[in-house]
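Structures follow.
Consider the two complexes below, in which chain A is the common component and chain B and chain C are the respective partners.
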Partner chain A sequence: MLRIIVNRLLLAIPVLVGVTLLVFLILHSVPGDPVATFYGMDLAPGDDLEAMRNELGLDRPLSAQYLDFLWQAVQGDLGNSIKTRRPVLQDLSQGVVNTAQLAMASIFIAIVVGMSLGILAAYKAYSIWDNISLSVSLFGISLPVFWIGLLLIWLMSVKLALLPSGGKGDWRNLILPALTLSLASIAVISRVTRASLLEILNEDYIRTARSKGLSGLVIMLRHTLPNGIFPVITVVGLQFGYLLAGTVLVETVFSWPGLGRYLVDAIKFRDYPVVQGGVLIVAVVFVVINLLVDILYYALNPRLRTAERG
Partner chain B sequence: MRYQATDSVALGNQLQQDEVEFASNRRRALRRLFRNRMSVLGLVIIFIYLFAAAFPGLLSPYDPIKQELENRLQPPSAKNLMGTDEFGRDVFARVLYGARLSIMVGLLAVASGGSIGFVIGMLAGYFGGTVDSVFMRAMDILLSLPGLILAIAIIAALGTGLTNVLIAIGIYNIPQFARMTRSTVLAVKDEDYVLAARTSGNNSWGVLVHHIFPNVWSAPLILATLRFSTAILIGAGLSFLGLGVNPPTPEWGAMLAASRGYLRVAPHLAFAYGLVLSVLVLGFNALGEGLRDVFDPRAVR
Partner chain C sequence: MSSRILEVNDLVTRFHTQDGTVHAVNGVSFYLNEGDTLGIVGESGCGKSVTVLSILRLIPEPPAEVARGEALFDGQDLLRFSERELRKVRGGKIGLIFQDPMTSLNPVHTIGSQVSEVMREHLDISREQANRRVLELLDTVGIPDAAQRARDFPHQFSGGMRQRVMIAIALACNPRLLIADEPTTALDVTIQAQIIEQVKSLREQFGMTVIWITHDLGIVAGLANRVIVMYAGFVVEHAAVADLYADPRHPYTIGLLQSLPNLGEDEDERLVSIDGRPPDMLQEPSLCQFLPRCRYAIERCREELPILREVGDGHQVACWSDVRFEPQGQDL
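Now for the complex of A and B:
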């Protein structure tokens, strides 16, 4: 058990280093002088570029620059924003909090609705309910989040005037973006729940339970669900990661002041330190979530625990 | 059954039989495909869109770019089937030319990224060892960013515009295909017919091309139909964020973004652009689901 966790932790390190390198290289391949791109200086013809490069360490080999960047990032220093001149981390921190809030609300909705739909579809497999659940999930993965967002704004804000169309205020501002963001995850979670439960329903012990005369609902909730939950946990974790990407679009639709919107604005302003910092935060969170999902999967699955002991 | 390398005639016969079996399997799969309701629905939708994308001029007489400001934000009518936008341009015409663009983005991005990923997966799966580790660790790193974020990071470096959107979505597609191809190659590379081909004196490349390839291309093809819809969605998403194709090019995502400001006075804009995008994505997802049902015996219902 412990060995598996340590093993996974060690495997995550090269990926983390790799992704920081990827982000670093992508943004250092921006055409133009790095003094101008990364420090936002207006270059005058008379400027001593060599001296500036030397001062900022940009004349050193790329590998040394990367190590510097990594070392500073570990210490929480992601450089300064070109636009606001403040430290990137300070600028992004409020966005991170807002995005986390949105993502948490969405994953909560997705788990509750997605698993319910999946259980229903497996319980009434091949019935009209199953087909309804399938249609919902097919629409969920096909409809672009930014369109669903616009439709919900049109219905709930413009037509019915029930909920605000965007911005951040009280809990009512959270409902529409969270609902929009959760739709694709509802689709995936319900499909995986159904497939996993159906597989368990074929097991011998379910037949035993049935021949004992237990009701279908008891079998589903006591015998099938606990055994079929593991793939669902994995998918929930992965979906949480993908939600982070979806937030970029949803935040733009609903003017939600999160990390994604900062990121998009930063690209438009060519504020490269902010772009680099933002992408880095998303990447690290994504890798860490995947790691936690893996560990949780091992920790919760008694079969794997026994396998390890024996 | 293991082959005796000496009996080359029997071996040749067996290899030939493998090919024949493969061909008849394919015919059976095709028949099943056309009997599968999901895939037929998907195919019909895709063909309608392909037709629209190929001959937009046949379906609408309007220019998708030319502005007619005195005729702006008109609701749908006999003259303008889907109304007009904020510059008085015919929405239906813009939808049609947008179809051409989105299909092209999906096709080129998936084809380029998919082929690169396919080749990487073939090499990594077949040769194993260092080749495998190097390629697959690189794929892990690409996969450690969510697709849209990776595309955004690439756009941040390259700048906006159609070509860069294609590059960004293409790169995003590489690891998905590499992983899937690798696992199918691993599944077949120790099969008897591969061993037979190898013992009868083919070199690695010959085995890869003539014996592995015919048995692993179908899975990535199914993945391609599913990836196609993701590629179109990411393309539209990038344009929606203002990081994709630049106006006034008729692009669905960009047009949806513009329609956001007119939800109150002209909701038909948001309806039209979102609907055409969604139906196309739905078509590819339905085809992908159908293909999976047909080719994956476990999924037979």
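Now for the complex of A and C:
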């Protein structure tokens, strides 16, 4: 068990280095830099852009800048924002918390609704319920997030006045953005759940379960689901990554003060340290989630569990 | 005269597939008395498994369809039962063992829980009582160190041991009838013999009635008291086991017996095989399905479908041609 965790963490290192390097290179190959963006508008005559670049260390070779960033990041320091001049970690922390809240709520909804739809579709395969489940999935996966978001605001906030249209407040503010964000994942999770369960339902041990006189529901929940859950876990882990990416749009539509919106702003202003720090945080979260997925796999599969005991 | 426990009449099962309708079981009838061991013999795909699985509705519907017939179990027609009523029979009054023990147990549950589950479903007993009985059962079916093994998972058992677990599950609720669907086909020969001995001794112990499906005539000879031979979804011959081997009356049965190797015979003698191939089950049968391969066919065979007719005491055959076969002192 421990070996697997250590193994995964070691594997995460090249992933994280790769991600930061890629982001770093892309950022620096985009035309424009923070100095031009921030100070470009109201330059007093005689202001020396080069001096400012020099002050920020932007005139040094790229390799030196990257290694510096890496070295500081390893020590837990993501540098200072060029725009606000505050430490990046401090600036990002609130956004990270808000986004985490949104993503957690979304993945929770996606797992509960998606798996329920998938189980229903497999349990009543080729029936009207199966088709309803399929329709919901197609709906969820086909419609763009921002459009559904606006539609929900129009319906729930404007017409019915049930829920706030955006901003950060109590739990009610979370419902609409979380729901919007979860739709695509609901679709994917329900489809994978259905396919996986239908495959398991053909297994010999399901026939054994039926020959014991168990009810369909018991067979589904006790015999089929525990075996069919593995592909679902994998997909949930991957979906969490897509959710983090999807928050950018949803946060914009619902004015949710999360990491995504913050990052988009930072990209606009070429606030290098903020972008790099933000992406690094997202990448770390992604790696950790996938580590959790692996651990869950291990914990749920008796063949792996008992193999270690001897 | 022992009492009739199961009587199947004119059972028809079809599979509606993309290629057309497969006529898997075409009007099969047989019966079973208390204490009988009935062997159902036939080659792969002849409908022997589908027949018994149809009785308990354990085949996937759709694509399968149990189109006709009745299956009287203690006088009640199982084919008219609701799913809820059938569930009480499955595992409770009729226990089943399947062909492949490697895939017949659920990999994520312990052996113990898979055995106790069936008792918790059918018997009114507490968890503790069930667990105690699990250990008894595992012991009975010959699994050593039951207390320890009950906590193990299927992958920690060998094929033979897994089949013993399946037997324990099938016997857990003291069923009146045990259906064994090729339970030893996937096992190697020594394990096969052990499992058969085990079932024999359990049969004495519990006074069980057994249906044993196999394609191995040798197994049937040692285990069953009556045999039905199936071909292409039909019962072609039905006889007491001694009669079948001494006086087979259907050309297919004769072919099967001729294709068996005989210990102690002239080693140069070649085994006889049955020419041709089994028929295409997509055609609705209108004549004897064995006709294209039959050496004894007469004119009537090309005109109408043979029905099972009595040719001796409890010996039935579905053949127009009056075939007799002189076994050369075969001792099975």
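A few comments on the model shown:
Assume the second predicted complex is superposed on the first by the 258 of 310 C-alpha atoms of A that agree within 3 Å, B and C clash if a C-alpha of one lies under 4 Å from a C-alpha of the other, contacts with A are read in each partner's own complex, and residues count from 1 in each chain.
Keep this in mind: contacts are C-beta pairs under 8 Å (C-beta built on N, C-alpha and C of every residue); 3 or more make two chains touch, one makes a residue touch a chain.
Keep in mind that what you see is a predicted model, and the values were worked out from it rather than measured.
After superposition onto chain A, the modelled positions of chain B and chain C are compatible, with room for both.
Ranked by how many residues of chain A each touches, chain B and chain C are led by B.
Legend: residue contacts after superposition of the two complexes on their common chain; A:26 is shown touching chain B, with no touch to chain C.
In the superposition on chain A, A:147 makes contact with chain B only, not with chain C. Geometry note, superposition on chain A: angle between chain B and chain C about the Cα centre of chain A is 80 degrees, to the nearest 10.
Contact with neither chain B nor chain C is seen for A:292 once the two complexes are overlaid on the shared chain.
Residue contacts after overlaying the shared chain place A:215 against chain C, while chain B stays out of touching range.
Once the two complexes are overlaid on the shared chain, A:207 sits against chain C while remaining clear of chain B. With the two structures overlaid on their shared chain A, chain B and chain C come no closer than 10 Å at the level of C-alpha atoms.
Overlap of the chain B and chain C contact sets on chain A: empty, with no shared residue. Of all residues in chain B, those touching chain A in their complex are 137-138, 140-142, 144-149, 152-157, 229, 233, 236-237, 240-243, 253, 256-257, 259-260, 263-264, 267, 270, 273-274, 277-278, 281-282, 285-286, 289, 301.
Only residues 14-16, 18-19, 21-23, 26-27, 29-30, 126, 138-139, 141-144, 146-147, 150-151, 153-154, 158, 241-242, 244-246, 248-249, 252-253, 263-264, 267-268, 272, 275, 279, 282-283, 286-287, 290 of chain A touch chain B when the two sit together in their complex. Residues 56, 58, 83, 86-92, 95-96, 98, 100, 103-109, 117-118, 121-122, 152-153, 155-156, 166, 169-170 of chain C touch chain A in their complex. Against chain C, in their complex, chain A makes its touches with residues 203-205, 207-216, 222-223, 226-227, 300-303, 306.
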